[in-house]
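There are two complexes below, and they share chain A, which is joined by chain B in the first and by chain C in the second.
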Partner chain A sequence: MQVHITGTMVLQVVVSGLLVGGLYALVALGLSLVFGVMRVINVAHGTFLMLGAYVTFWLFDLYGLNPFLSILVSVPVLFAVGAVLQRLLVFRVVNAPELSSLLLTFGISIVLANMAMLAWTADYRSVEFLTGSFVIGQIAVSKPRLISFVTALVITALAFVFLHKTRTGKAIRATSQHREVAQVCGINVGRIDLVTFGLGAGLAAAGGSLVSVMFAVYPEMGQVYVFKSFLVIVLGGAGNYPGAFFGGLLLGVVEGLASLFLTAQLTEVVAYILLVLVLLLRPQGLLGGRI
Partner chain B sequence: MKRPTNATVQLGAALTALALLGLAAPAAAQELRIGASISLTGTYAKPGKYTQEGYLLCEKDINDKGGLLGKKVKFVVYDDKSEPPTAIKLYEKLITEDKVELVMGPYSSPVTNAASTVSEKYKKLMMASLAATTSIWERGYKYLFMTISPAEVYLEGLVELAVERGLKTIAVINEDTLFSKAAASGTIELAKKKGMQVVFHEAYPKGTTDFTPILIKIKSLNPDVIAAGSYFDDAVATTRQMKELDINPKMYGVTVGGDLPEFYQLLGKTAEFVYGSSQWESHLPYPGIKEFVESYTKMWNREPAYHAAAAYGACQVFAEAIKRANSIDSDKLREELLKLKMTTAFGDYAVDERGFQIAHKMVLHQWQNGKKVTVWPANVADGKPAFPTPPWNAR
Partner chain C sequence: MRPAAIALPVLALVAVLPAVLSGYHVSFMIQVFMWIALAGSWNIISGFTGYVSFGHVAFFGIGTYTAALLITKAGWHWLPAGLAGCVPAMMLALVIGYPCLRLKGPYFAISMLGLNEVVRALVSYFEGFTGGGAGISLPPIEAIVPVYYAMAGVAFAVTLTTYLILNSRFGLRLLSIREDEIAAEAMGMNTARLKLYAFLLSAAFPGIVGGFYAWYASHVEPLSVFPLITTITMIIMCLFGGSGTVLGPVIGAVLLSVLQELVWARFLFVHQALFGALIVAVVLIMPRGILGILRQYYPLPRSI
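After this line comes the complex of A and B, so read on.
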């Protein structure tokens, strides 16, 4: 039997692609920030996401805390974890060749994932369920996805305001633009690195809290999102935050449409062809430039 | 008299130990040692542990009844770290260095696939307890026997029930990995054989989270049945998104994942009416199952999962074949295992000429009011399927 693709179907896929894309964008933002400021490729980003999801799970399981509210806890907790890791380990590879940061953060991710497995086992954990959708015309908008999309949007906007309006935020951007000059101008670059890495981990944690409401929580849950995040920041332009946001939405929609018109197996092929095209035609990313 | 020096004491201790070892050697001849590598660490650590526990309970039960061929049975188990290459080394050691009398299988298809190359090389018969991949038995091996049902029949019950109720069309989706693919292709073949029309089949890559495109394509075809060859995360996501997109098949079943309690915890009422399949349940009316569950719970302080039951059942089948052959010779055992038909606490056992399992039945269950109710096959069911699945807006 032949599937006949209608306009409504396309619209439905675009809507759900945008909703998924918002989450991709949030997760990618942290990765992009860390890379922009410190030139560190943080493979452990997905592990931070996983830890954030566990914070949400335990708060829900032990105290019944609303998983969306628990973002207020998971972000600071992972900010602290990120800052400590930066102080102990990551500062050694800032501005070092990229391979060093790859190896280091890969090691960190293995250690953290295995510690999580030892402490909490590899069992699937689950947080409160929120199911169903709002139906607008003929388009279904998933409730949990809509809430997580809006939350992701708010957090991204807050991060954006922070980067543009506050002193620390401006210092982060300055460091990202030129480390040495920033230092000469009296910016404590070491402290900025600390804040940035913590912030990156915190953004991953926020993503983790949102993911935990829709999917199972387990030590290896973060991997998928790291790969997607790399894709997103290359699409949007490394170190360019509005670009990461745009890249996230784009990836969500492209994946959906590829799956609709071709088959689901080809979604990754299409996503990576897009990546190659962007690298060939617009290597600075679709929006290009820094910040 | 001089006091013995430290060195003399050590020498004496070593000699005593040697003497003891010498004494122990003839004692070993009174034992039948069954060698196996099991994943006690690594990815499969948890089901691996269940497998070992099943073996050890079987060892205890056999010895309580006087052993086998007049000897005590003893399992020799090493940890293969969930790695097929390690299992190869360990079976090599078990067979050539330890010279164990018998071997049984490790946990999982990939590890069994690797380990059986060694047992086959030495013509040592391996009773595989936890390998479900058909291709392992398509290599023409003579000394490898299967216990659990293959991936292809996981959703046999779903198709059977659908046909019984006169349903005509089925859509099949699966994760693009070895097990799920086999489960989906088995389901498709079965459905076609039973006269159903397969209107849609699509695989999705591991890690897919948004199933909207696949699901709205299915929705436009409006099939009677949706079957998913899934693991856990994807089973949860498709179920959830089917509700969001208001897709209403008369029956919807998943392979793996649907039988875990976490499935219901995560989905709550959304999981109602979903069919899932499993190799074994503790309430099934198999002979000896009550005793098995009781003694397992007593020995290990928790309820057995299917892995433990399969390991235990495989070991019981093996013991029966040894009794009948009155020998541990691989060729004689092979003859008996090919002929043997029996029912253990794990269910039926019978194999074809490849040693491939053909009798063991999967069971299909359905989530009803938060409980897993076994609805197929009819002779072991403890409830009726709630049919048809009501549309989402009528729940």
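After this line comes the complex of A and C, so read on.
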């Protein structure tokens, strides 16, 4: 079927893409911090997102708590889960060859996803909190997407303030720039690892809470976000946290355009080609900046 | 002891086994050989060079589709169709490996992370040719003993190739890339080309295994032939036995297949969680594998 593509459709797709992109940026920020500080490729990031989504779902289902407020619960809970995992297991693979961290976090992720399936079954659940759209001119913006986007922006901004203004945040950035030098300057890098992994899991959980108002909640829901997050990091440039933000927005728009001009099935292929091209041609990220 | 002295009795045993085993056990052995070949092929690129191929199942999957299409649409016999599975697998490896093997450190692993999903999406997209999500059904298989010998042949070929590589200048060069790539380059090696050769070899065997598997399973579909867990299983089997060795993937594939058959199959619901726990345990407790641990206590020859 040949569909005529109008300017309004393109604009609509770009707006929706930007809204989803804000969420990608938030989720990728957590992964980027963990990768930057510990050189750990955390494949379990999507599983943390899933757990965050379930926290929101259950609080909404059992107590009727506003899903956006439940972020105040899901983030600390997953911060604790992340910190415990870091303390027990992940600390062993900090700065190890990538195979160790890839496999270890994959092992953790299938144990957690399997436990989630046993506890809560594989059923698709949804948080029906907000429905409908705002209509601005010819463009419709779904309410949950817009509010999720704004919330994601606020959380991302808070994370930046934390990274730039607090002693711990500065220590995290220093450790990701140069671990040994940070250590020489008196930073307890073991403690920074703990905080960073907890923070990474917490940011994934915030993303999960926001995803739950838009899409279904189920044990495998986090998987797609792992690859997307790596793509966002690569687009923005590794270790470049503001870059990750723009990378997220860009990925949302590219996915939207790809599904409009090609087909939804091929968005992953377009995204993958983009990843390989950027890695090869601009390994420092599209926005330049330091490597 | 010469390697042939180990290999010949094992080969003789493999040759006579179908005569004494039941159909169920022949089927089990086919899967053991399949895992030996898959774990061994992953070992060729990742065990030797240290470049982690996290999308290796893509080569297996593309092999299954090649054979299925050749058998159903072109009327080929299953044996040449299965062997032909290596051609598109190597072409994919060339297209992906030529650019991506230049990426250093974790970036190669990241670039391979999504490969299986991409090939799966492409296979699903070209519906008219590949049958889309429903997949392709092959004629039912009449006798599995020929597949047994074919799969055993691939497992043997992978192991022999690994042995020949490890005991050649090519193998030493690959190992030097794993130990220190910059030093290897400084010695005048064209590391990009060496890695590409290893990657092509390593992709060819999963293509063939996939080709035979398509005939054995009688059905291929995107969801069942591109799962990430297959890549992880190859890696864990290889690590469990000892990566970068000849017999490591063989030992790992045999032991874990038997473990799976005897233990995990009884715990259906926690099966995946047990596998996850095993992955964590292998990475943390025995990253050098069984052969690595044995080497600490016994003077094993370096050539195995």
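Note that in this section the second predicted complex is superposed on the first by the 285 of 291 C-alpha atoms of A that agree within 3 Å, B and C clash if a C-alpha of one lies under 4 Å from a C-alpha of the other, contacts with A are read in each partner's own complex, and residues count from 1 in each chain.
The rule is short, and it goes like this: a contact is a pair of C-beta atoms (placed from the backbone, for glycine too) under 8 Å apart; a residue touches a chain by one contact, two chains touch by 3 or more.
Since we're looking at a predicted model, the values are computed, not measured.
**Student:** Just checking: does A:A122 make contact with chain B only, chain C only, both, or neither of them? Give me first, second, both or neither.
**Tutor:** first
**Student:** Quick check on the superposed pair: does A:F230 touch chain B, chain C, both, or neither? Answer first, second, both or neither.
**Tutor:** second
**Student:** Using the superposition on chain A described above, determine whether A:I155 touches chain B (first), chain C (second), both, or neither.
**Tutor:** neither
**Student:** Touch check for A:V111: first (chain B), second (chain C), both, or neither?
**Tutor:** The answer is second: A:V111 touches chain C but not chain B.
**Student:** May I ask you to decide whether A:T263 touches chain B, chain C, both, or neither, giving the answer as first, second, both or neither?
**Tutor:** Touch status of A:T263: both partners.
**Student:** In the overlaid three-chain picture, which partner chain does A:L280 touch, first (chain B) or second (chain C), both, or neither?
**Tutor:** second
**Student:** After the superposition on A, what does A:I187 contact: first (chain B), second (chain C), both or neither?
**Tutor:** Touch status of A:I187: no partner.
**Student:** Do chain B and chain C land on any of the same chain A residues, and which?
**Tutor:** Chain A residues touching both partners: 263, 265, 268.
**Student:** Under the definition above, what is the set of chain C residues touching chain A in their complex?
**Tutor:** These residues of chain C touch chain A: 46, 50, 52, 54, 96, 99-100, 102-103, 105-107, 109-111, 113-115, 117-118, 121-122, 124-125, 229, 232, 235-236, 239, 269-270, 272-273, 275-280, 282-284, 287.
**Student:** Name, in rising order, each residue of chain B that touches chain A in their complex.
**Tutor:** 43, 45-46, 176, 197, 199-200, 202-205, 207-210, 212-214, 216-217, 220-221, 232-233, 236-237, 240-241, 243-246, 260, 262, 265-268, 270
**Student:** Quick one: in the complex, what on chain A touches chain B?
**Tutor:** Chain A residues touching chain B: 1, 3-6, 9, 12-13, 16-17, 20, 121-127, 129, 131-133, 135, 140, 142-144, 214-216, 223-224, 252, 255-257, 259-260, 263-265, 267-268.
**Student:** Applying the document's contact rule, which stretches of chain A touch chain C when the two form their complex?
**Tutor:** Listed in rising order, the residues of chain A that touch chain C are 35, 39, 41, 89, 92-93, 97-100, 102-104, 106-111, 113-115, 118, 226-227, 230-231, 234, 263, 265-266, 268-269, 271-272, 275-276, 279-280, 283.
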